[in-house]
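Below are structures written as structure tokens.
Consider the two complexes below, in which subunit A is the common component and subunit B and subunit C are the respective partners.
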Partner chain A sequence: MKAESAPTRERPKILPSNPGKIGESRPRADGVPKVRGEFEYSSDLRVDGMLWGATLRSPHPHANIWSIDTAEAEDMPGVYSVLTHEDVPGRKVYGMEVPDQPVLAWEHVRYEGEPIAVVAADHPETARRALEKIAVDYEILDPITDPAEALREDTPKLHLSGNVLKEVHIKHGDVEATADVVVSGEYEVGMQDQAFLGPESGMAVPDGRGGVDLFISTQWLHIDRDQIAESLDLPPEDVRLTLSGVGGAFGGREDLSMQIHSCMLALDAGRPVKMMYNREESFYGHVHRHPCKMEYEHGADREGNLVYVKARLVFDGGAYASSSNAVCLNAGTFACGPYDVPNARIDSYMLYTNNPPCGAMRGFGAVQVCFAHETQMDKLANKLGMNPVELRLKNAMKPGDKFPFGQTVPEPAPVAEILERVENMPMPEEEEIIGRDLRRLPGGVSNVTRGEGVKRGVGYAVGYKNIGFSAGFDDYSTASIALSVEDGEPIIYVHTAAAEVGQGGVTLQAQISRTELGVENVAVLPADTRIGSAGSTSASRQSYVTGGAVKMACEAVRGKVFERVREEFGDEFGGELSMEDGSVLAGNRRIVALAELLENGGIEETVVYRHKPTYPLDENGQGDAHFQFAFAAHRAVVEVDEELGLVRVVEIATAQDVGKIMNPQSLEGQIQGGVAQGLGLALLEEIQMKDGKVQNASFTDYLLPTILDMPPVRMEVLELADPDSPYGLKGVGEPPTISSTPAIVAALRDATGRELNRVPVKPEQLAGIEGEPIRRAPQPGSRGPVADDLGSEA
Partner chain B sequence: MKLECKVNGENREADGVREGESLLYILRERLDLPGSKNACEQGECGSCSVYMDGMLVCSCLVLAGQAEGREIVTVEGLADENELHPVQKSFIEAGAVQCGFCTPGLIVATHDLLERNAKPSDVEIREALAGNLCRCTGYEKILDAVKLAAAKNGNGA
Partner chain C sequence: MKPYRYERAEDISGAISALADEPEGAFLGGGTNIVDLMKLGVSTPDVLVDVRRLMSDDIEETEDGGVRIGAAVPNSDLAADPTIRTRYPALSEALLSGASGQLRNMATTGGNFLQRTRCVYFQDTTTPCNKREPGSGCSALDGYNKNHAILGSSEHCVATHPSDMAVAMAALDAFVVTHGPNGERRIPIEELHRLPGDEPERDTILEHGELITAVELPPMGFSSNSKYRKVRERASYAFALVSVAAAMDVEDGVVRDVRVALGGVAHKPWRATKVEEALRGEPVSEENFRAAAEIELSEAEPLSENAYKVPLARNVMVRTLSDLSGEGR
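Take a look at the complex of A and B:
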């Protein structure tokens, strides 16, 4: 690797901490700056003389562009650079899996909000006004907004490759199997937003030699770097990225947003350029969770043993590919749920439309199908007259079974165990409804009743998902560990490119190093592209893969330490060598302090860690596609005001297998936070689309769970070691989001008896007043209903 | 225009302020106090919470001109150099910080709550913090942090 020159900007100082060992709850090293307001997020970056970038976006979801005139904008005082597709020096498109998304649009726009031009100016307001001076001549086209329409042969093609972005077909056992008891249904999941709080932002600094440094919040520095370098037509080493403070991610920062734009502007203007989206622009600036329509049929014998599952899944991929391929694959492979299903036929389609591009969000393909398969299991239980947990237990997959995609279910796969655990956890206390503090009623103080119509319901669900990148992807991480002596004390420097997005990866890396090398002071260096890739902070994979890399690098360092000990002290110790409390021990005997051993030079090792390989699916959707699976089960207790359609989630109980608890406090935080996002999808969160246009691009109209909406989470955590993973750990970030949604909806059904086949569940569905209001002729003297108000759904 | 106000105990002034700039923008971009955050800039998330003349406000909703001559306290002004405020300590100890983007606003809002109500009940905490969005934690540890801070205050810490 060619040595990379230092970024031109001063790095934030690194605070060494004493992280404790794995298995301990330790406060985050970045906690102090965060509570003081001193932690530097990408939106906080500034240097003297920097310019502000802004992006012109298409107001139309589908249009031809006949011309773009930037002359007037260029002439504005305070404007330093105005760029369009003509100014993209290298590849004019980007994309993680399929490079199909224009850096800046030419000829066509395919979704509302697609970037067309970028501007750099001396004040953000000047930049925004300059955008208004850019004249774009559009020919507006009808948008294709329904994936089912996009799938039809006679629909115009949005991309040269056609409208089908990806299809996965899984044939397992006898696809024509029949059964005595059959249930079917159609289910739908709305478009959820990651809604991380820190807006897309970053600062590009030209190095004066044609290269650029970018300080950025992202999930994966190297894949950003490679895409930026391609589009800038620069060698990768001339594009250096440093992770800036990241205000949450949840999948929404996997794709590029302002990265290439800010670098182009900075290189053109010869000045540092900062870009920062506001909340509205953020809704247009990142991908969302795929909306999905699902048709399911389950067949079982009269005892409740599953005979077959048939499913047809249609995902709306939106205008560009993003990570849709992987979502389509995941959904297909997990469509049957964590059950032993002897026969299955799954058809999973991903379509291009003129809706916003959809991509990664926590749970990634597993979330959508879990809502459907768990609803189906409840339906089946109902038809059989069986307890729904018993039905699930009866069909729970076990190690040694075959997944519908042909892989053998590995140890551990405690589906039955986690279900039994959630069923047996104590129930929250029943609290008298009438006379209760209003704030504890569904809807809180906005509940206009006294709770007469409130009913309680309970629901269960279980789900699972792969950890890490699958289907043959070369999924690795790089870590460097330097052990040295400073001020007479040993200290470990950990360097990786793994993005800390809030999950606590920096703490974990320090804990692993502390555990492996027995040294108290550990400093985790800022993540940047000076070291090799760590892969993405997504798919719940960093604890496993970067954790594995850090562990392996520590082992390499330890090997070198022991070598030195042997060189200096011979190898007759009468006991195994180990490292503890800053010393090397043989058995219990202290051989030498590290401070002494490393006096004349430290030890540094850089390693690349890979998990075991995975393989793509064959034409029947069969193959060893995944390397680890994580399972969680949820029980939800809700109260529903049937008359008002208001909900209070009383409690979520969950059991999850994590292999090994690395840091109890941060694990709990992942579970609680993941459940909150599942609750959001069940009850509140949806990007509402109309004719390809987003209707609610703000936190006023896109509803996130608040502290009033979130109940306590009762949890039991299992530690069944995965024999292949570092410390036996399993990824933990996503499972809490997968089955919490269907558990809540099951509880709503239990309370109301209604079908509820779509999430988020709206109040009108719960109160049974769904559908269009009845159109009546206006009464004499009234202005009558405004036609448009009547037609649109709330 | 020129703006003068007192921020975290110091007289500060900003020159060349444009109409339309918010107090949040002034703090972050002109006074070098980026601790107050900008998650929505429309009064929905609470990440920009500060005190203005002792009142908790969303600084994104305060026009710069409205802050003229006022006294502002931001998250940066709650503790001195060396010692964290008990609310800040409690957020770290309780694990209420993940990405931390909501944290400064929550710290200020919690500070305000405990000034008004030293021993808030769960419902009172939830009500008081309902204007502060957090996307990472699911709020449970934030609730724990507030209770921990209240307990610390009670012990004279």
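Take a look at the complex of A and C:
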């Protein structure tokens, strides 16, 4: 008999889903395999005879390339393929919105880590050594690393189109309005990383007929496929993608990483090629959250009614466009926060620089401005001598108000209600400091305080964001539902291309199908490109859009079932038809079991679901740009050790409107995870850049919150149905990240009285121990990380 | 990773001679640091001689009332040892504040002393670093240096030593016992690690092929009144911004004797002898502790991003000393 403890590896049992309808807590289908280490991530893929791909990346953030010599690498035993830009069969650039990013660099590199060549070899180590044999002749150029510098007229242009990637100007009401009480400030948000745990990986398999199959972790299969096909110069049907196990995404997998590279190598070598980044390479392999500098001015009357908001936002887009255009627009539209603002002038700029490309990350532009507008609201409350929650309540937007971008605030928009709820939730008990468990003191088990100098603070913030794709984007999802009979039991097969990235979508699709068709057995098929696009798993949109598609496909199947019932049994039932427990009912009366009705053939329906249209903004930044809005409020309680600058977040309280709770346990996970990411931005997480180079590309040096840093989250969830959405649901993934950061920082200000205009907040800022550096003169022979001499090297 | 040979020796002398003809060879203990560095291409040994099984993993009390710790004792065992916890609590606390549970299970006492710096430029083979590649320059001097040294650095290197354990050992007057090509020696911790000077590539005074086989903690009457405090940016699994290990003997409100060492501030565990000298025989008071700390830190030479470490080191010293003196607020 096989010992139970023997290590075994089998495909995760993700397909037969758990029972349960919508509204019920059901464990995620992928949960147990992930915890047990049995889940098959894309990094676990392997087939006999496969090769390993590796990527040569630029060590310089800005350089001209005079030559690339691959001869020596090609001659190495075990090397099957060495490819450069010359080998890209089709379009040499890619990009979701603006195709400006080279598949493999030619003539220029614009950021540190930009791919220049790829290699496939019989072993990862062979591939790595082959990279070392590729000689690149660089002419190193001064990097442009400050967006403000990039904006100046006399700065060299990084792209033919100039350095301004996008600007959005919103003019709302009287842009010259003045007010009695004015507060202003400058705010800054550092570069956060998605820090997903599963690095970029996938495997490309040539089909022997010129096409390729790619098994990949991504957020959006079809946009990947379209970009790959363009660059491979293949018709889309010859590029087939199947979603592989994804280890987190948070926006960082919306852009391509190794997709085109692995396909090129596989087609060239005629063998399957696996590529997998390590942690360091992953920092160069995906986009990050945009760093942003923001100048704000708020004007109000003496009673605290907002009169105007002026904001100037400058985002560092990095070297290539990614989804920066949409981030720039989003940030502009949400710059005033969820308040009724009669007059506003918002100028939002997105700049190209030689920093790493920035793009989608949970919150997508709303995170940066929320930190600024919420800090401004606290400042204003302070100046008015008002309670900060009272000021927010006074100005809270409500249905029927106008957003600064001209759209009417739809029903429901419970800004005041969620604020009142977080304010009224019980406060965490203030524990006696003497005798406290160390883990409940700032610094925790680092043992640094017995409570000396520990101060408590409380802060509030509220934020909002659009759900789904906006501003005229044709946002849709496709679902196929097949209802049939197997072994005498009805079973539903659900097929979509929606990427499960850890959000719980697979379980949700099964719950919706079960609810709609009253059939216990549901199998969710692997997501792939055999079916139409589901759009991206981002913008908190999949429950709404793919959920809507699954629901609609189920309704179509149900319609066909009822047709069949009427054909066989007439249409006099004395009650409405419904489906429950594997049967068709009329009222409470069972008409026929599905097993019987479908004996001679199942029913399959494929539908495309669209939400209501959105429209681009006009030249004054006005338009019905968004179709749904989600709101959350947070209250943070912190304790700060003022002498050492250490923080313990005691508790986060939050209220969020989700329209309809689809899976309570899954929702709780989303809210807690979002708070953790917001806490990380408030206190820890920042990619440190110097002269265009990443300084901390590891999880030793890029600090993520650990479980010991994470406080309990007290939550209240509202279910105010959106009349337009399936089941009334609202997207839930992003709001927890948006206002948790400013709430924590507000609490830190309350505790310390310090300004704190930049996140993440560092210990030295809290303790007022920043001090004056004694700068040494630069030493001979000690170059900084970037050579300032213009030379070329091989 | 560069290919290397893995060897096991029969005994300690075999291990030492195995490295004698291998100038690019290294000993392997718990492997928690060197294997990472090999993956990064920072360490490129030709041969690894596994010594873990050759050395004692015992913790024994010595006749003079001290404690002898085998070099192979895992960090987790040392931290949990009842003798250490009661008589040298600073050491136990220091060990528990380092790394993660899994790493502490693997890491050895001897190896802990020999961790290399976590300077990001040392770990990044694409950047100049005098410690990794002598003469190439120091990227941290004008780079990302918020975690770097404020004391005893040189124009060639501003890296810090990452160990928590070694800071406590320095405060507790520990010795390492080594065996090498030139026989056995007993080295005070204070002398084991070097300041960078113009040879930053050398972390310690150990010669090639010299192996730490044991650590000796001498008896110290007041070591039971000792503490380790570590300031770091998150609640676990982070290196110290600044840490302090201290032990104090107080009688009638007067400091009879005291030991203080700092971590995260220098290329070695920094024994704060000026603090010790200033406090011996003085009444315990927060003012005295502060004044003593400031004497030690008056020689600090902060870099562009780490000036905060000066007041931080002062504050955590004052607090730890106050706590040990019974004068804690």
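Rule of thumb we're sticking to: the second predicted complex is superposed on the first by the 748 of 794 C-alpha atoms of A that agree within 3 Å, B and C clash if a C-alpha of one lies under 4 Å from a C-alpha of the other, contacts with A are read in each partner's own complex, and residues count from 1 in each chain.
One rule holds for everything that comes next: a contact is a pair of C-beta atoms (placed from the backbone, for glycine too) under 8 Å apart; a residue touches a chain by one contact, two chains touch by 3 or more.
Just so it is clear, the model here is predicted, and its values are computed rather than measured.
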item: Which superposed partner A:Gly248 touches (first subunit B, second subunit C, both, neither); value: first
item: First (subunit B), second (subunit C), both or neither touched by A:Ser25; value: first
item: Which of subunit B and subunit C A:Leu646 touches, first, second, both or neither; value: second
item: Subunit B versus subunit C as contact partner of A:Met350, first or second or both or neither; value: neither
item: Contacts of A:Glu125 with subunit B and subunit C, given as first, second, both or neither; value: both
item: Which superposed partner A:Arg450 touches (first subunit B, second subunit C, both, neither); value: second
item: Contacts of A:Thr700 with subunit B and subunit C, given as first, second, both or neither; value: both
item: Contacts of A:Leu708 with subunit B and subunit C, given as first, second, both or neither; value: both
item: Touched partner set for A:Val415, first subunit B, second subunit C, both or neither; value: neither
item: Touching both subunit C and subunit B, counted on subunit A across the two superposed complexes; value: 125, 439, 698, 700, 705-706, 708
item: For the subunit A and subunit C complex, residues of the former touching the latter; value: 59, 125, 439, 443-450, 452, 643-646, 648, 683-684, 688, 690, 693, 695-696, 698, 700-701, 703, 705-706, 708-709, 762-764, 767, 769-776, 778-779, 781-785
item: Complex contacts: residues of subunit C adjacent to subunit A; value: 1, 93, 96-97, 118, 120-121, 123, 126-128, 130, 135, 137-139, 141-144, 155-156, 227-239, 241, 301-308, 310-312, 315-316, 319, 323, 328-329
item: In the complex with subunit B, residue positions of subunit A that touch it; value: 25, 27-28, 30-32, 34-41, 43-44, 46, 123, 125, 194-199, 245-250, 276, 278-279, 437, 439-440, 501-504, 665-666, 668-669, 671-677, 698-700, 704-708, 710, 712-713
item: In the complex with subunit A, residue positions of subunit B that touch it; value: 18, 20, 28-29, 33-42, 44-45, 47, 74-76, 79, 84, 88-89, 91-93, 95, 97-104, 107, 123, 125-127, 129-143
